[in-house]
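These are the structures in question, set out in turn.
Common to both upcoming complexes is chain A, partnered first by chain B, then by chain C.
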Partner chain A sequence: MIETTINDRDDLIKYLHKAMVLEHATIPPYLTAYYSIHPTTNSDAAHIIRVVAVEEMLHLTLVANVLNAIGGTPDLTRPDFVPSYPTYLPDGERDFVVDLRPFSPEAVETFCKIERPALAPDGARLMPASSTATPSLVTSPTREEMRFYSIGEFYAEIIEGLQVVAAQEPDLFCGDPARQVRPEYFYSGGGQVIVVSDLNSALRALEFIAEQGEGLDGGIYDKEEELAHYYRFRQLHFGRYYQKGDSPHDAPSGPRLDIDWDAVYPVKVNAKLADYPVDSELAQVARDFNAEYFAFLGLLDTAFNGKPSLLLDAIWYMFRLRDGINRIIRNPLPGSGGLHAAPTFEMPTAVDSAPGASRGTDEAARAVAR
Partner chain B sequence: MFVKFPEGEAKRTDPTTAGGVVYDAVIVGGGIAGALIAARLGAAGKSVLILDAGPAEDLTLRGYESYLDRFYSATNKDNQSPYPVNPNAPMPRGTDARRIFPGVPDSSAYIVQSGPFATDTTYTRVLGGTTMHWEAKTPRMLPEDFQMRSLYGEGADWPLTYEDLAPYYNEAEYEIGVSADVDDQSYLGITFDDDYVFPMQGLPLSYLDQVVARDVDGMPVELDGVQRELRVRPWPQGRNGVPNPAYNGGEGYVPEGAVSTYQVEVGERCQGNNNCVPICPVQAKYHAGKTLARALQNPQVHLVGQAVAYKVHVDEHTGRVTEIEYRRYDKPDSAHFTTERARSRLFVLAANAVENPRLMLASGLRGSNGLMGRNFMDHAYLLAWARLPEPAGTFRGTNCTGGITELRGGRFRRRQAAFSVDIHNDGWGWARGAPMSDLADLVDAGGRYGESLRQGLVDRVSTQLLLAFMVEVPANPSNRVTVDPAYTDHLGNMRPILTYDIPDYTMRGVAYARQLSKRIFARLGAEDHTQYDPSFWGYAVYGGEGYEIRGGNHLAGTHMMGHDRSMSVVDKDQRSWDHENLYLVGGGSMPTVSTSNVTLTIAALSLRSVRAMLDQLAKESAPIRVTSEARAQGLPREVTL
Partner chain C sequence: MTPDALEDFLSLSVDLTAFERTDLLGTGLARQYLAKVRDACGEDVVTALLEAHRAARTEAAEDGARPDPQRLDRALRHRIFSEERLGPVARNVIKLWYAGTWYGLPPEWTDSYGAQPAAETSTVTAASYQEGLLWRAIAANPPGAKAPGYGAWARPPAIEDRYLKGRSHDRTG
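Showing the complex of A and B:
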């Protein structure tokens, strides 16, 4: 094993910023696949994707808690926070790209790769970025040339680094406790939010994230006896549920799971605003959605920076996002050979058309001023 | 927390095999009362058989979603719209109600209504019972509600006091998972234990509530010489909110989400969808399926669905119930059934305040005092609606978050009925079908479409205000459920016949409510749009004024509890005076319906009765003698109608 890439608080903060980017980067692909499913169909599949997406939101929140606990400042509105799809995952895996796709076998395959268990060859967590023969997904923010095989290994690096730095810096956990998101402001099915105040709670939060993604000690369940994300998605591949007693090496042996791959809006993969007819109503709706999404990230940013109660407002805001995505996805995209439109998740920037961009900022400002 | 309904449980128990078993208890009805009692008896190590009239299907997420899909695609979104029509276990529907003309009963729907007042009251016959469509408002009754006769000379007294029931209210609030704050709910004598907090923090008032509160809070009202100030108060609700960390001495509370079979985690928190009635899209609203799923984890608790109780058999010498004869239909869409029998030490009728007396009367059990089925009660709802001078965000939030409760109690009840007031977040929906009626009007009359239609709809509904006055109806022996062999259902069960009139006492409350609504609207600067249609089925005239009166589905009183066996059907433990091993539980036991939605009280009474049932089971440990008559009839017969 090579030496740690985390030597001080600044390194940790860099890693945790990257972790937030990483956790968020999985959400647009999950949402695109989820909302591409025809309403009232594919109930099993829709729920599997939805639950995982919600748990990624929990992970995002847990990372924010760790970052806040060590005096960092979450930043969800900086220009590179939302990747441009297709993208490599930010921790450096290079054997696959993540697309925004309709629900399909290809999408499920990507989801499995995103959530795959830590299995780096030779137990090496970090690999040279040049080693293209071996798969990889996450780059190190402190050693540009290094990247990780899986999200699990990325977190293992942070966990190790956290212990090292905590031993060196007794005041590592100097963050304001009021910045922590507590359980009353975040709830979901898969586990409770963990308030981070010391090394112990920080480790619990990070281990929880890693386990929920890929399982505990190579098994298919995590500590809470919840099926890990990787195995949840594998069920879609097999068309069958896992049940207690199943092993990671075998196919699931639970009840059948019905999938109708055709009951899906065939949205264009990695749609861009540039694909939309200029000045069309559809283009405007797609731009509006991006502005809404950016404003939503602004709301989360404010919530993670000292106003956790704003997460309650995030609930109705997510309904607005849902309606926005549905408004786009139900429409064919002109000139695309029958494909449907899809949200592009291109965040407004200063160089974008001024109305969209300023609307996003205004909305964010209004949302946080309440 | 998520409970899984045990897979295959709805079909696991073979009715014929079960007929050869003497259970500790047979429970008729898988609603909240039956589910709570089954769970508690099972936990105490007792064997239980639940008979439910609804389809024998496991509670699965997909099944729940099929209810949702049916609701979403239904043109008329009434209380029963999510549930398939089942002629073998028919359900009354709000849309059934017809104006009744003197001497001509309306037998066009399941409940035969002989009037003179027609009601649209409903109940749901699927697993989970009427909690499958309830609104989940959970106010406690006031202490004075238990002493109406002695305090105000109206209605009846309970054999229980508020203090007797309070510990069971605490338990019921745990079982249902109630969100409320003690400070908001302590009024008119309602008290709580010193350290009590609700399982979850109160849900916030809607923006509409806040708009109303701006002008209504502090509004003086003088009634019967007593001055009071109105305020908008949050309702306690059986839907998941923010868990209170101080609950149970600091142990906290984990909300219970959707009942599901696989890895689906949803419903631990209300999302503010606006179709709580009839069905919460995420199961954040409590329904008794959650309790049933828990009860059925216990291998001693069995369930037979598609089982419609037909007759309660009684030993003529001892008066004890020997068995319940039921008709088990093969399929919801076929009238083919087999006759089966269920035997136990104790029998619990937990069907509801219409079906319990219906079954008893159909079994020829009118009661030694003839009170079975009498004193039927419901709430009489008066709606008043107006347009606010500014948009108030109507249609946001759950169906109802706030209301006015100052007129629930007081000396004025000597003369006129009390009421509580709901501020409806679903606008004029209940009175005039908003928002569908607005949509139809904008399209048909306004020719609107696209953006203009969307904006037009928002403009119209966001200023709607509807106040629902839930007016008490005191017990009256002439208001009653009866049966007649001339009226039977698909399976040959006698249908309930309802004879119901609204007394002047209630109408005085209704008239006062209408006057109060005018004052409130004036204070809000709202334009009163209330108009009562003389052709409406529930049109009632009082003091020269006509009103539309609707039912509340808060069924009560038909097997009233009391101290005196000559004046009541059950004792304070809900045990039948006539049949010592029979309990009739639910709203039917309540001597007053007062101004509380009944479910919380039904749950509290059920939990309280479990103690008596366990005591009785412990005392009566001798083997049960199955009568020879019962044995002879024991073999199932094949019957097709």
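Showing the complex of A and C:
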């Protein structure tokens, strides 16, 4: 018997904040691998990574909708929102490392682990956090000493908690409907956004997140007959596409998928600003990118806090971030023995950003006006 | 291609284009561009151009300090742009970075200094059009590539301060 760690609305809010951290945390690793691929090469692999990265953005938005629906306030600019890489995610008894690394077989293995959470044996959903040496990103926000067996179990806890609390608190879904991100502000982004107004829609949103990763009931396709993320990445492992009729237990039997592991910029794994030559132009560019990314999170934060129409601006903002990542990655990193630079995703601390820059409409509005 | 030649070519290109070194490397095309100039003009011309640029920087720098912008401007004009053999090549290098196209040198030039097999107007790679610096300079996307996102055209171009009128680029870096 599992003892619940979610007893009221506040607990749920804490969990959903953590879910937003988790959904976002997968995006920098996908982007780093994606943009490390030489332009016009590896188009099959690039496409697979891109589709999954975009779907993670949908997941982030869906969690924000659930959080808003129960009266929470999304916060994407607090100091621990972006993890320091390498970060650690749970995979059963052990954690696995999530790096920012170039497209490579190692990156594909990590992506497979991210997307197929292990199913815990009965009663083993939560385990003492001290059982691993590494700081898992998926600890319980209400019982800090406990960590989850897997990402899947983390979502299972939220889904069950939501049902328990909804039964106790009839006004759980008290959020302002105007704060919901609706399809007019989120489109072409990995599926249709689900507007959350009650228990039913909240459960649909969370189950969608869990299923898109690992497939429905262990099959390789999900409800929409789309290949689940885990199996998309398995194709890169095997160098072959799945086709209808393939079993999850066997290798894919579809057409060959050509991968050129060498047509990749060898970016430094988990690059930090400290790896850049002090006071160099390149270090400044990397710092500027981090500031831009932080301002972008500020824009999303404002969008998720009552101004969903700002997500339309987020689209071209993301394209500008794309150009910035490409420029950095094509620069050799001096003193690294032939490696290339990469965005570090180290967010400016309160000390080095301007007063009030941590969040709020003004900051986002300024960022948008640039 | 020696690493030194690439470094020299980047240093020259920073002074010619007013873009930073990281921007030039950020196109991913610096090596291909140097190779293109060599193929189009010959090794001797490239070597002379890089030497003239080094000399201009030395002339503009007093006592080993950073080059003075005004003096560098004058030295580049004297040693490169007004020089009959190097001037047209340097102007072509600017166009190469900005447009991603190598433009054939004027017939007067080839009559005097000889035509190379790759001297004709040509694009360098499929990526060079997209990576042309002109798009960054005017803060627009190359039409048909680097999609800026729906509605981006409704906003004024976000041109970097240093390229706005009235600001002079400090090319002493």
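Just so it is clear, the second predicted complex is superposed on the first by the 332 of 370 C-alpha atoms of A that agree within 3 Å, B and C clash if a C-alpha of one lies under 4 Å from a C-alpha of the other, contacts with A are read in each partner's own complex, and residues count from 1 in each chain.
The definition used in the following text is that a contact is a pair of C-beta atoms (placed from the backbone, for glycine too) under 8 Å apart; a residue touches a chain by one contact, two chains touch by 3 or more.
Owing to the predicted nature of the structure, the values given are computational and were not obtained by experimental measurement.
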*Once the two structures are overlaid on chain A, check if chain B and chain C clash or fit side by side.*
clash
_Which partner chains sit in contact with A:Thr40 here, chain B, chain C, both or neither? Use first/second/both/neither._
both
_Touched partner set for A:Pro183, first chain B, second chain C, both or neither_ = first
*Would you check which partner chain A:Phe208 touches, where first means chain B only, second means chain C only, and both and neither mean what they say?*
neither
*What is the contact status of A:Trp316 with respect to chain B (first) and chain C (second): first, second, both, or neither?*
both
*Is A:Tyr241 in contact with chain B, with chain C, with both, or with neither (first, second, both, neither)?*
first
*Mind working out whether A:Phe345 is in touch with chain B, chain C, both or neither, as first, second, both or neither?*
neither
*Check whether A:Phe81 is in contact with chain B, with chain C, with both or with neither, and answer first, second, both or neither.*
neither
*After superposition on chain A, which segment of chain B among 333-341, 423-431, 441-449 or 549-557 overlaps with chain C?*
441-449
*Touching chain B and also chain C: which chain A residues?*
40, 315-316, 319
*Mind pulling up the chain A residues that touch chain C in the complex?*
38-40, 281-282, 285, 312, 315-320, 323, 326-328, 330-332, 370
*chain C residues within the chain A interface of the complex*: 20-23, 25-28, 126-127, 146-152, 155, 158, 173
*Going by the contact rule at the top, pick out the chain A residues touching chain B in the complex.*
40, 43-44, 47-48, 50-51, 54, 183-184, 187-190, 226-227, 232, 241, 254-255, 315-316, 319
*Which of the residues in chain B end up touching chain A in this complex?*
2, 7, 61-62, 65, 69, 72, 201, 242-243, 245, 255, 257, 262-266, 268-269, 271-272
